[in-house]
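Structures given as structure tokens follow.
Presented sequentially are two complexes of subunit A, the first with subunit B as partner and the second with subunit C.
Let's turn to the complex of A and B:
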């Protein structure tokens, strides 16, 4: 087995091992809570991937997760830990509604309105995270804390807008904005209930991978993420890179908000704040900030999220069970990071010495 | 409406009352975070610890009828989460910020899971101390009834300052936080000192959670914490890792939190949601003003945020 294969095998086996360990821990947790762990596993599997109908639910949940994961994964290449996904998503959704209503009011045809909504969402989310990047670069404000605070501010803005300036007076029980007209909504993929957000998510992950791995821009970002001082000495514009990467990441999360609004809810309200942001952080970390891996992990997590309802109905477990599971997966994946290069199976064998080993010459 | 008799004087009064009540969780969590960071590790997961503390305090107070037993349980529940954080964040190549994010999800998930049955019932609350024996105005009386936990927190702040400055153990914690290599050379176990600091800090954060569910707002629900555990991290930076300044900063943040409800109580509610965001905006502004790319902050532990070898 060559060293290259061994290292590839290590990269595949350790995350899978972490997931299996998390499943075992979760099973123990369910057993303590009085549910049959194997029944729970089976229910999750069935609700997530068991039939075409349930797999469609998984795909619907996965699309915003793919987009929102990029908000953490892209800046991570620069060494930034950004968790403002929720805020960028919420503002993206809000801006998309504002854009859609304005453009629709002008009588633009549907493709124009949809493009406008997407651009508005991306711009809002992008600027929101670019602020975090700017604070980091120019004021050395810790980006993790500032992006978290910005989440709360964004949610307050959403509440302010849907309860005040943008409120549809007919939405009594759940204050919401005016709805986007039915004809301007994002449609479904032919022959399914899955909306076009899935395509956007897959394309965004593919583009992000290409950008990071195959372009000079991505190379510059990875260099700066590896050693910022060396990057400065090499003359890389670290400030511009920071702002650009943060903008792109935020734009992806904003697009997730637009997808949620334009394909699922039809209007902006509290439901936008549905933890896809924090789910995206989790996806990015499990995928080790690789956009292609993120699209696969998003499918997995989307499946877990889709199974929340059935755990409640058939096992009597509260809806927070899914959150405990996510937490266990996250913790076990983080622990697995410390195992790289420490497990003997994956260690490169030392080059074989030319002379026969000493052991064969042991005196009797 | 309570403020009608007092007119616009009701606003500052409501803010003062809100400050005395709302600063308690900030105080405990920031003292806990201060202790943790002095040893060189960041614990972002105190948000989860706070929720876990709030839930376990409420549940135990409801089941046993003794709120003080609830407070102790909250601290112990915090220590349990602290053990996980302390162990995991000290593994090689594991980032303590990432562990903190994971602990937020895990801690709050666990709190919501176990706390589901306790959302409806009402648990016995902690007794309050009244400072308003001299007045007959009922609004003033209710405003000036403070929590014994507040007094406890006010007492802990200078004690912790003394601990860092003058005690042998405090010196150990500071040595590990400032120059782990030197501490190692002295034969101190970095792992043990950091573990003890994180666990003790989480104990305090758990008690902060108890003050949420057993004093103010005094109930248990999934929305009981509004990010106090996260803001504590910024608050400690603002307080320059000094426990007594953590006390002042907590009062400031408690006051900022009280602005929204106070404005609403006199009928100004057009910007209710935006006023509610004022603690977060304040935190962000403070960080923008106090941080600088050119120098490290005075008082910052030397090894804070550096990767473990």
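Let's turn to the complex of A and C:
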């Protein structure tokens, strides 16, 4: 019991410590840039969480990150480092537009069109990342590199479709697809300006957690992630697991693209490529690939992004400041990874001398 | 039974208390250091400016930021600005915050992609705030009352830059590095080429599309390959001309700038540049607003566009490599554009496949709709749109 608590506490304290360290470093940076660090901290807090209105801004920024983070977090449980979120998101958006226009053209009612868009987006994103998984499993291609490169392909594909086959001829100076009719757009949550993407993000994070921690599928995936040879020996279908979990991860990012299209842009164009994918990678790593933690971290990062404006407008800091902050957070969290199991305070203590044989048997 | 976890929870509690205490302290300490940002009295006009990239990009965003900075000198005007705001709902949040927190009553949204859906959405939420969008997309009867558009016919300045480039070039081959084959860009490529060919009809312009508004790597590659081919004057239409101008200087060839003044990046080879004169445009808007005129009461026109004559454009000061005759020719062309004697798109104009696109004797003035839909490259341009 005590060890379990200690390890849980370690998992909570180390990331928080890393965040505090990043805040201190960022404070130094602000001081060097001529701003009062405490004023900056206060502004960040106020702009991100200070009032309902500013918190909505945070939620708006966070919702695409939740979905996109799962594209890294899910495959990570199988030991794969996938950073193809941006590509899956972009293609998901593109497929959602194609689906929405087709189904809308058939005269389907709004819920049908929206469902179709979501499925199209998930399918496109899922297949995209499943390709990465297949390359990994069948051809032993490094999944990090291939998923990164597939981002460029996806973005090029988006540009091609938007400039060519799917172009709305009236979108002269900003080539875009035909717009989704207003009535088929995703609305906002009642009493707010936050769209339904937030709900989808939270639900997806919850489902992902359940899938990984509470089902045999998740257990099999974690086993394969822990030791792939052992998993094979135990008769687990590692290939199928890889493809399935990559598909699910990609489907989440594809859904994020669908939400961007259906709730924000109303059409696909180059604005879809807005770095939500890379933001999602950041979220997944900080959350240590835990889907529930990812939703919280997405809120935190959303808050950081939401405060970017106030740093410029109230403190006269350069526009890259928020990127510096994000970079410091990322670096210190990655570094803190090396502290697990190193801090004496969190080390498992040997059991009481009353039962010496137990000491060696204590699971860590 | 003693619970061994108790120790840990106590520690946790103490940490939590310390953390909240420290937080409270920070809030207290900093409370006095932040100055209130609420709007001033009713006679102060607060305007918010939103840019899509950094303010010091030597290009599109810098041109707008310099325009914004020129308002600092005006009494009774307060501005607030935010750079690197992406064309997602982040820009809606930025504009909302400028209105709610800074008290802005006029918003200048300077990136093309901000208009639909972002500016349109906010205009609906804040009918009393005026939204000015850079890009000329306003349509009467389609868009809300409190939305206006402004844009310049900067291809006039590109025409004059082409005249200067023609004088400087020895190889008679010019290079144009462009982002995307969209009408606005094609118009600049064609006007630059027509300007150059008005001096020497044997001149050609090689055009390379990078496919992206900001792709420094591909821009540098394009500039280098053009220099390798013997092209000796470069210009561009990308968000930040910095890389192109610097590469030209390093390769010892000439360059003409775009958006803003890049002379300091190429002290030897910078000839001139097609620049926006946003300070003039913004000052005009502000003085109209200070007189109590608005988009809603009809005092400010919804669509404001213009060229040299209307003060939307300027040329960068001529560089050391520009000959006296080149200067004269450029100044003459500029004067003729202002007076209306010179019409850039005056038939007969052929495209680079030999097809006549503007019939002989036909003149397309700057406001012509045909020019807004340009999808061809003029004779003398090497490259293709597709």
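Criterion: the second predicted complex is superposed on the first by the 347 of 364 C-alpha atoms of A that agree within 3 Å, B and C clash if a C-alpha of one lies under 4 Å from a C-alpha of the other, contacts with A are read in each partner's own complex, and residues count from 1 in each chain.
In this section, a contact is a pair of C-beta atoms (placed from the backbone, for glycine too) under 8 Å apart; a residue touches a chain by one contact, two chains touch by 3 or more.
What you are looking at is a predicted structure, and each value in this text was computed from that prediction instead of being measured.
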| item | value |
| --- | --- |
| Fit or clash between subunit C and subunit B when superposed on subunit A | clash |
| First, second, both or neither for A:53, with subunit B first and subunit C second | second |
| Which superposed partner A:159 touches (first subunit B, second subunit C, both, neither) | both |
| Touched partner set for A:61, first subunit B, second subunit C, both or neither | second |
| Partner chain in contact with A:202 - subunit B first, subunit C second, else both or neither | neither |
| First (subunit B), second (subunit C), both or neither touched by A:324 | first |
| Contacts of A:149 with subunit B and subunit C, given as first, second, both or neither | first |
| Touching partner for A:141 - first (subunit B), second (subunit C), both, neither | first |
| Contacts on subunit A seen with subunit B and repeated with subunit C across the two complexes | 159, 163, 318-320 |
| Interfacial residue positions of subunit C with respect to subunit A in the complex | 4-5, 8, 12, 15, 26-27, 29-31, 33-35, 37, 54-55, 80-90, 93-94, 96-98, 100-102, 112-113, 117, 135, 180-184, 211, 372-373 |
| Subunit A-facing residues of subunit B, complex | 44, 84, 88, 91-95, 97-99, 101-103, 105-110, 112-113, 116, 222, 226-227, 230-231, 233-234, 237, 270-274, 276-277, 280-281, 283-284, 287-288, 291-293 |
| Of all residues in subunit A, those that touch subunit C in their complex | 1-2, 5-6, 9, 13, 36, 38-39, 41-43, 45, 47, 53-54, 57, 60-61, 159, 163, 172-175, 260, 264-266, 269-271, 274-276, 305-306, 308-310, 312-314, 318-320 |
| Contact set on subunit A toward subunit B in their complex | 33, 81, 83, 135, 137-142, 144-146, 148-150, 152-153, 156-157, 159-160, 163-164, 278, 281-282, 285, 317-328, 330-331, 334-335, 337-338, 340, 342 |
